[in-house]
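Each of the next two complexes has subunit A plus one more chain, namely subunit B in the first and subunit C in the second.
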Partner chain A sequence: MPLDHRRLRGPEESQPPALWAGTAAEDEEDEEGAGAVPRDPCALRPLFARAGLLSQAQGSAYVELGSGTKVLCAAWGPREAAEPGPGRLLCEFRRAPFAGRGARGRPGAAAEREAEREAAAALREALEPAVRLGRYPRARLAVSALLLQDGGSALAAAVSAAALALADAGVEMYDLAVGCALCRPPAPAASWMLQPAEPEERRAAARLTLALLPALNQVSAVLGGGRGGPPEDWAQALRLGLDGCHRQYPVLRQSLLRAAQRRDAAAAAGAAAAAATSA
Partner chain B sequence: MASVVLSEAEKLYIVHGVQEDLRVDGRGCEDYRCAEVETDVVSNTSGSARVKLGETDILVGIKAEMGTPKLEKPDEGYLEFFVDCSSNSPELEGRGGEELGTDIANTLYRVFSCENTVDLKSLCINPKEHCWVLYVDVLLLECGGNIFDAISIAVKAALFNTRIPKVRVLEDEEGTKEIELSDDPYDCIRLNVDEVPCIVTLSKIGYRHVVDATLQEEACSLASLLISVTSKGAITSLKKVGKGSLDPESIFEMMETGQRVGKSLHTALQKILDEEESLGTSRPKVGFLG
Partner chain C sequence: MPGPRRPTGSARARYAGSTVCSGLQLPAGPTPGERLCSTEEATAGSGTYTRHGFIFSSLAGCLEKKTEDNELPVVSVVRDSESQLLPNVGAVVTCKVCSINSRFAKVHILYVGSTPLKSTFRGTIRREDIRATERDKVEVYKSFRPSDIVLAKVISLGDAQSNYLLSTAENELGVVVARSEAGVPMVPISWCEMQCPRTHTKEFRKVARVQPQFLQT
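The block that comes next holds the complex of A and B.
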C-alpha cells in the first residue's frame, strides 16, 4: 500500500498501556473472573453458520461463535495447476488488523505472518483428509480464511468455516471437518473446558484444538500444547472435544442445506424472470 | 521431507511386516534405531550436540547472548529456535527447505512453550533490562526419517552441555553500565534439563503404529502423531501430521505407547549424558570422522 503522508503515524513500535498499568488492572480482572458464575465445562457456546454468502467466490461460509469469534471463509474450486501429480489444497489464514483484543499489530509484521503461516498449515492438515484430492489431478483448490474477531477458539472456527466453504463450492469431500477447541486453566486440578473465550485461552495452562470428520468418526487434526499431564488427561480432553464436534455437526449440515435451497430458489426465480422477459 | 520412491510391492511388504511386529531391519514396533549422541563438538558455541539416529544426522549449536527480556515476561530469559535444512537434498534447497525449517522451528517453540521446561528465571541478569537469550540453531545434515525425534534429543543434549558464563551488570553513579565477567572460565551456569521434553513420533502403518520410522516406512504411513514427553511421563504437546486421518482409539493407544517409549528414551539419554560428563576432559572425541 502506498504510504499515506497526511496521516500522523505513531512510533514504529508501540506498546499497549495495559502493560504498564500495574497490578490494579489485574486485580479487577481476577475479581471479575472469580465473581462470574463458573461455566459448565461441557457447555457448547451458541454457533451460527451460514454458507453461500459471497457472490464472487465459488463457495463461502461465515461462522460465528458465542464468545465473539467471527470467521469468514471463501473457497475456489479446481483450477489447472502447472505441476503434475495429484490435486493440491492451498490454504491461507489471515487475521484482520483489528481482530485481536490487544494493541493493533502492524499488518505486515514478521511475527504476524509467521503465526498466519502456522495457522494456514494447521488448516491444511485438518482439511486434507476430508477432501477427495484424488478426483482432481493436476488441479489446485484454494481456501482463504479471514478472522474478523478473535474471541477464542479461532482455529477451530476457521476449520469448520473452511470445510463449509469447500462443500459450498461443490468440491467432492468425504465429510465435513468440524473443529473444536479446549483449554485447561492453570489451577492444579482443573478440568478441561470446551470452546474457551479469549481471556480463558490466554490464561490457560494447556490448549488443544482438534478437527473431526463426524460421519466417519476419524480425527483429521490434533494440535495441542502446554502442561497437560499424563496421557489419561489428554485422552479425557480428546473425548470431550470429539463429543463437542459431534454436537456441532447438525448445525453445519443445516446451514449447507439452507444454502443449497436458497441457491435453488434464486435459480428458479431467475429462470422464471428470464422466461417472462423473453416471452 | 526428502522422499523416497517405493513400488507398491515394497509398500505392501512393509505394511504386512508391521502388522506382525516385524520391521524391515528386524526391529519391533517400539524399538529405536542405534543412536549416537556426542556433545561439545563445536567449540565456538556455548553448548552443542550431534545426534546420529540411523541415517539421520543432526547438529545443534546453542549460543547464549545478552539481550533485553520480552515485555510480558520481564524477569525471564528466552529461547529462539532456527532450523536449517538446506544441506540435505536437492528438493529441500530454497523454498522447500525453508518451509520444513519453519515447520520444525514452530514445533520446537510449541514444545518449549510450556512454562517449566527450562528454568527461564535463571537466565535473567537484571529484570526488565538484561537477560540471556539462548539461540538454538539446528542443522539437518542428513535426513533418514524421524527427524523430529533426533532434533529433540540433540536439543536436550545441547542444553545439558550449555555453559553460560556468570555475569553481573553494575551501574555507576552516572548511569553507565558495566558488564563484569567472573575470572574463572569454568564458573558458569548450567541448565537443568530434567523437564525438557523429547518428541516421540508414532507413524500409523496399517493397523499398528511404529516408533522411529525410516524414510521407507514414512512413505507407507498416511498419518503420524508427534508427542512430546517429559522424563516423568507428562505429555506437553500433541500434533498430528500427514495427509490421512486417525481413529480416536488409535490416538489413545499412540499416546500410551508414546509415554512408555518416551520415558525409556529419557532414562537412556540421561545415562549417556551423565557418563559423558563424568569422563570429563579425558573422553575421546569422535567428531565427524568417526
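The block that comes next holds the complex of A and C.
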C-alpha cells in the first residue's frame, strides 16, 4: 500500500497529554478547597500599576494583580475621524495566546473573538463616562488592552489599566475609572468575595465587575450575572465592590504621579544634553 | 521591567505640598479628578472643569495659577511635553496644499497656531473662500498650487462628508511659501503675484501680507 505523505502519523503507542494535565489540575483544586483557610472576602490582592512604559504609544499602563493577572494597555490621542459630532472612543481587548491555563479549545475560534468583542464593548462602556469626549470633536481616541496572564478579575484590571493609559496619553478626563471584580461561590449561604483568583472565578455561581469614578463617586459600568441570591445580596455586593474600588484608587493615582515625574526628569535631562552639545 | 514599588520620601513630600501656589509650576501635579479649589477662589482655565461649585483637574500634569490684577486668578493644568490640540473654529492654521481642483483646494493641516500637530488633519478651501472680494471670479489654479504652504483660518468643523473648512479671505491669510516651476522658493511682489529669483518668471498666487513685525528694512 502506498504511504500517505499528507498526514503526520505519530508513533503506534501514544497517550494523550491531557491524561497527566487533568490530574495535576484536580490535585491543586482539591488541595485548595479542602485544606486552605477560607480567605477573607474583603481582602484586596496586592496591586501593582505603572504608567508610561511604552515608547510606541502616546500613553501606556501596566497593571498586575496579586493573583497573577497581568494587563498591558496602550492609548493613542486624538486622530482625525470622518464622523461629525463629539469624539469617539475605540476600545480593543485581546487575550494573549498564552494567557489562560491549559489548552485553548480551538485557537482562533469564533467564540474567542466573540468574548474579546464583548470585553471591548464592556471596556468602552466603562471608560466613556470618564473621558471628556466633547473636547475632541471629530476625533478618534484609541485604547488597546492586552491580557498577558489571566489570574481572575481580568476585565476589572483592564478597566483600570485603560484609564491609566488614557490619562498618561494626556487625554482630558473627568476622573480615573477603577475596576473591581467580585464573585460568589456556589455554596448555599456563601458571601461575595472581592477580586477572585482564577479557580474561584471558574467555580463561581455569580460574577460581577464594577467600574467606578472615585472622585466623582459615579459608577460607570456594572456587568455580571449568575445565581446570586436575593436582591439585597446583590446590593451588598455592589457596596463591597465600590469599597474595593475606593481602596485601589490611591495606588493608581500614585503611579500616574510617578510617571509624570519620570517624564519631567527625562525631558530635563534631554534639554540639558541638547544645551551641552550645542554650547 | 517594572520592579517592586518603593515609595520615595521626596515624592510623598512633594505631593503633600503640591497644592495651589501662585505663579509657580510644581512637578508631580494633579491627576484627573482631583479637586483643586472652589469656583469662588479662582476661575477654571485649560485642563480643568467645574462641577458642583468646585474646580477639578482633568489632566495629569503641572498646576499653574496666574493672578491678574483685578480679576480672579486663573487655575489651569498644563502638560508641557505634548499638548493635544485640535483645530477650533476661528483658529489660524498652517497647512500644505496637496491637490487642487477647479472648485476647491485640498490641504493637510500641519500646525495650529505655532504648535505642530502629531497627526495631520485634512482640510478644504473652497473657491469662494479664497478671496474676500470678487469671490466668483477666482481661479483656484491662479491662487494655490500643490505643495504651497498656506496660512488659513478654520471656519467650520465640517459635516459628515467634508473635512475641516478653511478660508483665506483676509489680507494676512494666503500663500506664505511657494516654489516655482524651477523648484526655487519664490519672492512675493504683490498680493497676487510671486516671482522666481532664478528665472524671473512671475506666477499667480493669493499671497499673504507679511506682518509689519516680520519685515526687515
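In this text, the second predicted complex is superposed on the first by the 247 of 279 C-alpha atoms of A that agree within 3 Å, B and C clash if a C-alpha of one lies under 4 Å from a C-alpha of the other, contacts with A are read in each partner's own complex, and residues count from 1 in each chain.
Note that in this section a contact is a pair of C-beta atoms (placed from the backbone, for glycine too) under 8 Å apart; a residue touches a chain by one contact, two chains touch by 3 or more.
A quick note: this is a predicted structure, and the numbers were derived from the prediction, not measured.
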Partner chain(s) touched by A:G152 [first = subunit B, second = subunit C, both, neither]: neither
Partner chain in contact with A:P78 - subunit B first, subunit C second, else both or neither: second
Which superposed partner A:G244 touches (first subunit B, second subunit C, both, neither): neither
Partner chain in contact with A:Q58 - subunit B first, subunit C second, else both or neither: second
Which of subunit B and subunit C A:Q261 touches, first, second, both or neither: second
Partner chain(s) touched by A:L176 [first = subunit B, second = subunit C, both, neither]: second
First (subunit B), second (subunit C), both or neither touched by A:L213: both
Overlap of subunit C and subunit B interfaces on subunit A (superposed complexes): 130, 213, 216
Of all residues in subunit C, those that touch subunit A in their complex: 2, 4-5, 7, 11, 15, 27-29, 31-35, 47, 49, 51, 56, 58-61, 79-84, 86, 118-122, 157-160, 164
Of all residues in subunit A, those that touch subunit B in their complex: 15, 19, 114, 117-118, 121, 125, 128-130, 205, 208, 213, 216-231, 234-235, 238-239, 242
Of all residues in subunit B, those that touch subunit A in their complex: 71-72, 102-103, 106, 110-111, 113-116, 223, 225, 233-248, 251-252, 255-256, 258-259
Interfacial residue positions of subunit A with respect to subunit C in the complex: 48, 50, 53, 58, 62, 77-80, 82-84, 130, 132, 136-139, 167-168, 170-176, 213-216, 253-254, 256-261, 263-264, 267
